[in-house]
Every structure is written in structure tokens, then in C-alpha cells.
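Letters A, B and C name the chains as they come in the text, with residue numbers starting at 1 for each one.
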Amino acid sequence: MSNPAIELKNITKTFGNIVANKNVSLTVYSSEILSILGENGSGKTTLMNMISGIYYPDSGHILINGNEVVIKSPKDAFDYKIGMIHQHFKLVDVFSAAENIVLGIDENGKYNIKESTKRIKEITDKYGFEIDLNKKIYEMSVSEKQTVEIIKVLYRGADILILDEPTAVLTPQEAQKLFSVLRRMRDDGKAIIIITHKLHEVLSLSDRVSVLRKGEYIGTVETKNTNESQLTEMMVGQKVELNIERTEPVNCQKRLEVLNINCVNREGVKVLDSVSFTANSGEILGIAGIAGSGQRELLESIAGLQKLNDGNILYHDPKTGKIDNLRDKTPVQIRDLGVRLSFVPEDRLGMGLVGNMDIVDNMMLRSYKKGKSLFVDRKQPRNLAKKIIEDLGVVTPGTSTPVRRLSGGNVQKILVGREIAASPTVLMAAYPVRGLDINSSYLIYNLLNQQKENGVAVIFVGEDLDVLLELCDKIMVISSGRISGIVDARKSTKEELGLLMTKHGGEQNE
Amino acid sequence: MSKNKIHEPLFHIVKRGSLPLWLSWVIRILSVVAALVVCGVVTIVLTGENPIKIYSTMIDGAIGSERRIWSLLQNVAILLCISLAVTPAFKMKFWNIGAEGQVLMGGLATAACMIYFGESLHPVILFPVMIIASILASAIWAIVPAFFKAHWNTNETLFTLMMNYIAMQLVSYFVFLHSNPVGSGKIGIINSATEAGWLPKLGGHTYLFNIIIVAVLTIGMYIYLKYNKHGYEISVVGESENTAKYIGINVKKVILRTMFLSGAICGIAGLLLVAGTDHSIAKETVDSRGFTAIMVSWLAKFNPIYMILTSLLIVFLEKGAGQISTDFGLNDSFAEILTGIIIFFIIGSEFFVNYTIKFRQKDKEVSK
Amino acid sequence: MIIAFIQRAIVQGIPLLFGSTGEIITEKTGHLNLGTAGVMYVGGIAGVIGAFMYENSVETINPVLAVIIPILTSIIGSLIMGMIYSVLTVTFRANQNVTGLALTTFGVGVGNFFGGSLIKLTNSELPSITLTATSNCFKTKIPFAENLGWFGDIFLSYSFLAYVAIAIALFAAFFFNKTKAGLSLRAVGENPATADAAGINVSRYKYLATCTGSVIAGLGGLYYVMDYACGVWSNDGFGDRGWLAIALVIFAVWKPNLSIFGSILFGGLLVVHNYIPNLTMASQEIFKMTPYVVTIIVLVIVSMRRKRENLPPASLGLSYFREER
């Protein structure tokens, strides 16, 4: 093994009350591929963003080739020959690949696209990229865009490359191609860091693996000396006792039946692939999976926000026993059918609530249409707001405070409170405790449990496996848009879930 | 960390979390005061008169006589009416800068009714016909860009801007067609003998009717935006289209409906201008008020009640500056210069309401 | 008569070409400057003030100075307008539409005010502002053009500012497509966050483009007064040409080289009614509508076809604040 290319010493970064990275120390050598493994929210991306100049650490040191450095901006990072390929590409759509690659670099003020193209060609030939440099970005597939990002970084002379979840958007074949390019770069002496949570990728690609869990550094192992179960254990940790009160489900009846739904997104990627499951009343159905595996599309298609290519969504009315198909209905049509469907979306302020409106007006979002009056009735929403503030202990100066001024936990209480107030028969919640402190989180768990006891069919999309195991009755695992298993939460283990989560990841073989 | 301090810029701009309401208004009022001082200085430089005389001339010009007060109120009413019209669209983040043309179309429809039907129809029928015609003409002018925006996301700012000039040319065409006396290129006072289609003079005051209508509209718009379900939907669509879809609002429908309303009120403004004020029509009838209204509405943060103040401020300045021009023998465009300066200051003040500048020294304190 | 028509079309088109080239440069960095109409007024009147001062201060005018002084004052005038707009929209991140409209109000006011009051303000004894001497210097034509028949009439019969306008437009097209700075500038307008991440100074580009654009647009005002109007300033004489220049930007789908042809076409549409026999005064007005109708059609077609190269710069009208991600 050669020299350390980059060393991190005791890096800590906090956002408000949330500690994203705590005393993380890490070393990357040149001529190696290091995987940084961890669950969602374990602080992988935050850590890498500090190397690439997006964030600045609260404390700790960064050493490059043995010298301590200060990286304040992406430009500084370029100067230290660090390049990061973000999950969300930073490309100008109407420019060609070549134009994007040379953008912003001052080569003595000269602009000679032919000359530059020649240099780009050298890079592409060297590492075996296949790309049409004259193609416009907006005509490109995701994998082509990623290639442009990588070439862009190499063109700037990067010796340290960071790739954030590079295979998340790629087909298995494209991922294989990327890996061979990465290996070639490693053999060329570059240090490569890939952020991932896909175990099989880690094992097949990297030389060493560093694991983060909940913002803390757990350890580094050589890939050849490890296996899936060791890595899973490092990643998910020991089972934590949470003491969430879970009651036995009573009087379970079919409430929502999802049958073979398929959904293709705008980029033409199949985001939901033959998904079928049943959500029963009086039960909490957990959905586990790596972020972006199709959870959002699944919930949105049930809520009437996502067009489906195929399949049916059947709702069993508890009162009449009537069965309605919700497929391709708008939220209003679903409501008009008498289906009381509540949905706590992942994007609280961008979708569930309106940040600039006060609490009362946000309460009204669901109910303002009721009644024949031309005017909105603020009396009931105001009472509801007061009730929620009191019952859930929302910290706010008053009911007329814009919700965007509230802290994350209080925003979520408002949103969940409103959705529950509609006395739903189906309640869907996507990552309802993300970014919340312990007390607020427990409050949300209790609310979900209460709903379950009231006979509501609860669907809970979560990321913390401990919580899923303690809170839910059944857990459905989704992986690359497919259901990889539905397990009994009382009998399953984190390891089992972890393996199911990566089942369809990348490769098609099962 | 020590190295970092050296490289840190002298200051950087930070978005404010929140600012007490009173403080934001102090900032705004200070900016108006500062603007008035600058206006005074500019006037002194150009006229050489002493500042007290200049300001008193302004006040005299705006409210120096009963006639001037009526004229001031009449102008406020029209400007306010157009500002009310553009407001719902702006709240929806639909940048309709075509009020000029929309009002003109309403005026054109009114004038056409007065000319074609003034003699033949009984007032009981004539007035409803005029009202419906003006509202429809303006609403169509507003709906067309909205339709393209809703379906193809066509840039509404540029579209509505172009519609203004088409409306102006249509009016020109009409004016030449009906010039009175023939060939003069002007339309003259319509029905000057019969006063058919003229809005009633309440208590002998020509403009009182206009003022009452606009007062009612102002309150109506305030209630519509604040308490009506449509007004609520407009706010949701304007703030977050995603949320609107999430709760099942039909965004396209809201865009079309709101622009129809915008256009309809522009039509009323056109009616008031032609049937209630000028009793004539020309390309210049609206006199850029369609654009000024955008500033009035924006300065008032889209609140109809504040708009009374902002439109009063702008008309007051226009009238005052007009008086300065007359008294000191200057061109009457002086008012536009002063209006421009004041608006620049108020626009600038919003920056200090929304952002704060952190200096290097202070920043370290904060970050610790 | 066709030759005369083409000549008039070009003369009418040149101020629009200046205006639209300036506006394209500004819009390419994501700033919709609706103040262009005002900027052109100021460019015109500032030139008039310079020429007026110079003509009144000397006995016989030096043709070179008579051209340079108005150009300089015109540039200074429009530069100030550009700075007002940039400070408010780039640094203060104010709403571009409102700022632009205020700038137009202000600019038109300045133009008409000084146009109407210059004589009184300077206690001059002249009856009106008629800068025939200066105008003649501006209208100096290529001497041998008259001997070249129709070719000379169509291509070489204009004053030098007309050629400057075409040169600027061609240079702008070259700049956008063939230089690195042009690439960076377009990136700023398309995706400021990406440009920022690539190490481009976003604010500096926005300032430079807006100010340069204003200066170019201002020259359009100067050309109008000195050449088209023969040195006679008349209030509101410039009319709606500023807005027509903005329309031309859309018509030319943000390409300066296309706006050369567009400006001549628009100029032609403005005067074509004079060349069609038996038109009534009224139907002439209908003809004047055509540039705007054509522009709307282009705008609609472009938005329906969604061909990415022809759409407005993606961040047009939005302000950029780095920490707002």
C-alpha cells in the first residue's frame, strides 16, 4: 500500500442539534478504492462534502499528502486535486458534454474546443469511457451524465475522486462498466472513495471498507478479510431496545390491496416493478429499504399523485364493504369516494405543508373545501391548531406563526397532527421521524400506535431498522422497486432485513 | 481554523430567519424618507429653489384645492383598481404584466358600446351591456396567455407584455376608424350631447362613482384573498405547486380562473376610465398605469388595504411633481423621475428586510 | 421603391438591433431587464445632452469630437442605468420585473424631462433642441457608396453606427459560442449553481453582462436621435421601440445573429404600411401590430416544441443566492 492521499482526523460536524459526524478519523491511500458504508443518515455524504468544500467542519483536521489543508470551497478542493461526483449532477443541460467539461477552467483565457476535445479524448481513451462529446446533456441518459461528471473531475486533474452513491441510478450493466473504469483509475494511482450501502458492490469493488453508523466511525476492514454478515453487523450494530409499546393487532381486515403495480418515471426507469401487498386495518405495515428504492412512488401512487403503468389499488370500505379501485384517481376523486386516506409525505414543507403560511392555514389544507360556503372557515382549523399544539406539545409563539419558523420536530407534529385529525382509515407516513429528537420521535410512534389501535391501516416508511422492528407488525422490504420480502416484525432480525434490502441491488441474480 | 480566518471575506450575506414586523416597517419607512430626501436634493439641483418651497409646492399640487383633491382621489381610484386586478395573479406567482393591454381592451369595448349602442339602447340595457362587454374583452385578453401558461408553460411575462401592444394597435385602429371629427386621428368626447353611456355623477361629482366602485372592489378583493376558498387556493398554488397537487387542487384550473378574475377587474378599470372619466379613448388612455400598478401591488406585499397607501403615495408624488414642473417651468416628466427614485429605494429596502450582512468580526462571534 | 423600402426597414431596425443585442446579453445571465426601454431613452438623451453642451460651447464643431462626446455621454448614461439595475437585482436580489418596470418609468422620465427642460435649465436662447450639426457628423456616409447603384444603396448607404450595431451583434454571437467567457456567461444564465460550483464568479458575470447590455441598448437610443430623427429630440418620439427590442429577443430565440435579420424584418413591418397603396389610416395601425403578433407566435411555438436550445435561459427572472440550495 502506498502513501496516504488524504487523512481525516477527529472531524465533527453538527447541524443545529443534530450531530452529523462525530470525531471521525479516516485514511485513504492512493491506488486504492475505499468504500464508505453506512445506512441512510449515517453521515457518509456530510463527511465527503467536507472534503469537497461544500461544508466546513466544526472541528478536526484534514491532511492531504501529509500536509494540513483548509478547504473552504469547491474551488479549493479542485486545487488540492479532489473531485466529487454528487448524487445530483451539476451540469448545464443545454451545453454539450465537452462544454460542460471545460466550463469554468481558466486555461490562460484561451478557448479552443478542438484542443480541449483532444485532451478530453486522451482521458476517455485512457480509462475507457464511451461518450459522445458533442451530445447535449439533456439528450443524455443518467449514466452518460455521470460519465460526463467523472470526466469533468478528471479533466481538472483530480487525483482523489469521491463518488456519492454512483450506482443508485445505473442499470447493472452500466454499474459493471463504471466499476471497470474505476479499477483502471485505481491502477493509475488515483485514490477513489465510493459512498454506498450496497454490500455486494463493496465486496466486489473495493480494497478496503470503512463503516459509519449514526455519524460515528465504526472501523475499517480489508475487503478480502471480510464478508457480508460482518459488514452488515458493523453497519446496523447491535439490536437496541427501544421500548416502543406494541400491542397485538386486533380485528385485522383487508383495507388496502395493492395488486401488481408498475410505474416508470420520466427518465424511463422502472421505479415500481410488480409491487403487490395488502395493508390490514389495526396493523402497522413497515416499509424498509434503501432510500430511493421506490418508497416515494409507492405512497404517491396510493395517494393519487403518481400515474401507474399497470396494476390496481383496491380499497375495502370498512363500513359498506364496497371495493373501490383507486388507480389513476386524483386526490379529490379519492376523497369523493369517501376514502379517508391520510398521507404524511417525506417533504414536509415542500409538499405536506406550506412553509410561509401560519399553522391555522396549514390546518385548512385538508378541510377548506368542506361545506357550501364561499368562504373558508378558520374557526375549526384554529381550534384544531390549538388542540394539536396542546396535545402534541408543539413549541410555537402562537397559531399565527408561519410553520417554516418552527423547528423540524414541531413542523412534523403539526403535519402528523393534521393528518390524524381527519380520522383516517388508512394512514401513510414517510420517514415521519427523520431529523427529530428522541422525545418527538416517541410521540410520533405513540400516535401511530394509537391509530393502529383505532383500527386504522398504518403504512410506515422508515429508515431505522430498530424502530421498524419494534414498531411494526409486518415489515415489507423494497429493493430497486421490487418487493424482496414481507416478514413478521416480531420474529425478524436486522440482519435479515439488511440482506433483503440489498437483494435486488445492482445485479439481477437472486 | 486559524488559517481560515485570513481567507474569510470581509462580509457575507445571510438570509434573515425572521424580523419583527415593526422593524421591517421601520426599514421601509426609513427608505421612503431617504428617497424623499434624495428627491429633494435632485429637485434643488435642478431648480435651485429652497427645499421647503419645493415640498410645499408638492403638497399644494397634490391637495391644494378641492379640484386637486378630487383629481388625486380619482387617479388613486383608477391606479388602485388596476393594482387590485393584477394582485391575485401575482399572489399565484403568475407575472401578468399585461394589465395595460387588458385595461385598454376593457376601455375599447366600453367605447365601442357607447358609440354603437349609445343612441339606440335604453340606459337600463346599455349599462349592463357595457359592463359585460368590458369585462369579457379584458378577461379574454388575460385568459389567452394563461391558457398557454397552464398547458405549455409559455413564459407569461413576455406573452402578456406583447399582448399590451396588440391591444394598443387595436385601439389605434378603432380610433382612426371612428375619429371625430373625421380624419383628426382622435375620437373626441363620445356622446358629448346625450351623455349616453356616461357613468352617473353622484351628488354632482364626476368621479365619486368611480371612487365608490373601487372602494367596494378593494374591500371585496381583500375578503376574496383572505377569506374566500379561491383566495386560499391562490395562495397555496403561489407558495408551493407541490402542496397544491398533494391536497388535490387543480392547478391549471386555478391559473385560468384567477387570470379570468384579473382580466375582469381590468375590464372594470377600463370601464371606469372610459365611461366614468375620459368619455373617450386613445392609445394612451391607460397611461402606463398597467405597469405602475405592478409596482403598487408589489410594494404593498399584495395586500389590498396597503395598496391604498402605496397607490396614494405614487399618485401624490405624480401630482406634486407635476406641480413643481408647472411652477418652475420644467417638463412634467419630472414626476416619473421622482417616482422612479422612490421605487428604487423601496425595492432596495426589501433586501435589508430579507437579508442581513454579517461582517467578519461579528461572524466569528456568531459561529462560536 | 423596393430599395427605398429596404433602406427604411434597415434604418428602423438598427435601434431595435442595438436594444435586442443588449437585452440578449443581459438575459443570457438570467436577468430579464424590462428596463431596456428606459435605458434606451437615457442613452439617447445622454447623447443629446453631450452634443448640446458641446455645440453650445464652441463656434465651429470638430466632427470627430462631435461624434465622440455624445457617444461617451450616452455610454455613461446607460451605464448608470445598468448599474442601478444590477445593484438592485444582483446584489439586492430584488424582483426583476418590478425593478425593470421602475427603471423604465425612471428612464423614460429622465429622457422626456431633459428633452423638455434642457433649454430652460441651461438658460439657452435656442427655441428647441435641434442638433443638426452633430447629426450631420453622425450621418457621414461612405463616400463612394453613391456610385455603386442599388448595391451601394442597400448595403453601404448608412451611417457608421448602423455598421457598429451589426458588428456588435455578430461579435456577441461569436462571443457566446466561441469564447470561454461566453460559455461561462451562458452557464450563469442556465444554471447559476452549477456555474458557481465550477468556480465562475456568478455576480461578476451578471454585473458585467447587465452593464454591457445596457450600454449597447443605450447606443440604440443615440442612433435613433442622431441618425433617424436627424438630431431633433421629441418627447416620446422613441415610442415603444424599447419593448419591441425585447420582443425581438424572443423572436430571435436569444441569438444575436438572428436578431440582425429580425430587426430588419421588424423595421420593415413598422414601415411597410407606407409602401402598400390605398391603405387607410386605420388599417395602417393593424400593420403595426404584426411584430407583436409574430413574436407571440414564436413564443408559443418555442414553448410547445420545447427544443431546449430555443427556450429562454433556464434561470431567467430568478435571483441566485448560494446558500439557498
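What we mean here is this: contacts are C-beta pairs under 8 Å (C-beta built on N, C-alpha and C of every residue); 3 or more make two chains touch, one makes a residue touch a chain.
Only a predicted model underlies this, so the values are computations on that prediction, with no experimental measurement involved.
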Chain at the geometric heart of the assembly (C-alpha centres): B
By number of C-beta contact pairs, the top two chains: B-C
Chain A and chain C, separation of their C-alpha mean positions in angstrom: 49
Cα-centroid distance, chain A relative to chain B, in whole angstrom: 46
Length of the line joining the C-alpha centres of chain B and chain C, rounded to whole Å: 26
Chain A - residues contacting chain C, complex: 74-75, 78, 90-95, 99, 102-107, 109-111, 136, 138
Contact footprint of chain B on chain A as seen in their complex: 56, 59, 70, 72, 303-305, 330-332, 335, 343, 345, 347, 350-357, 361, 364-366, 368-369, 374-376, 378, 405
Chain B - residues contacting chain C, complex: 13-15, 46, 95, 97, 148, 152-155, 157-159, 161-166, 168-170, 172-174, 176-177, 183, 185, 288, 291-292, 294-295, 298, 329-337, 339-341, 343-344, 347-348, 350-351, 354-355
Of all residues in chain C, those that touch chain B in their complex: 32, 34, 84, 87-88, 91-95, 97-99, 101-117, 120-121, 235, 240, 243-244, 246-247, 250, 280-286, 288-289, 292-293, 295-296, 299-300, 303-304, 312, 316-317, 321, 323-324
Chain C - residues contacting chain A, complex: 178-184, 186-187, 190-191, 193-195, 197-200, 308-309, 311, 314
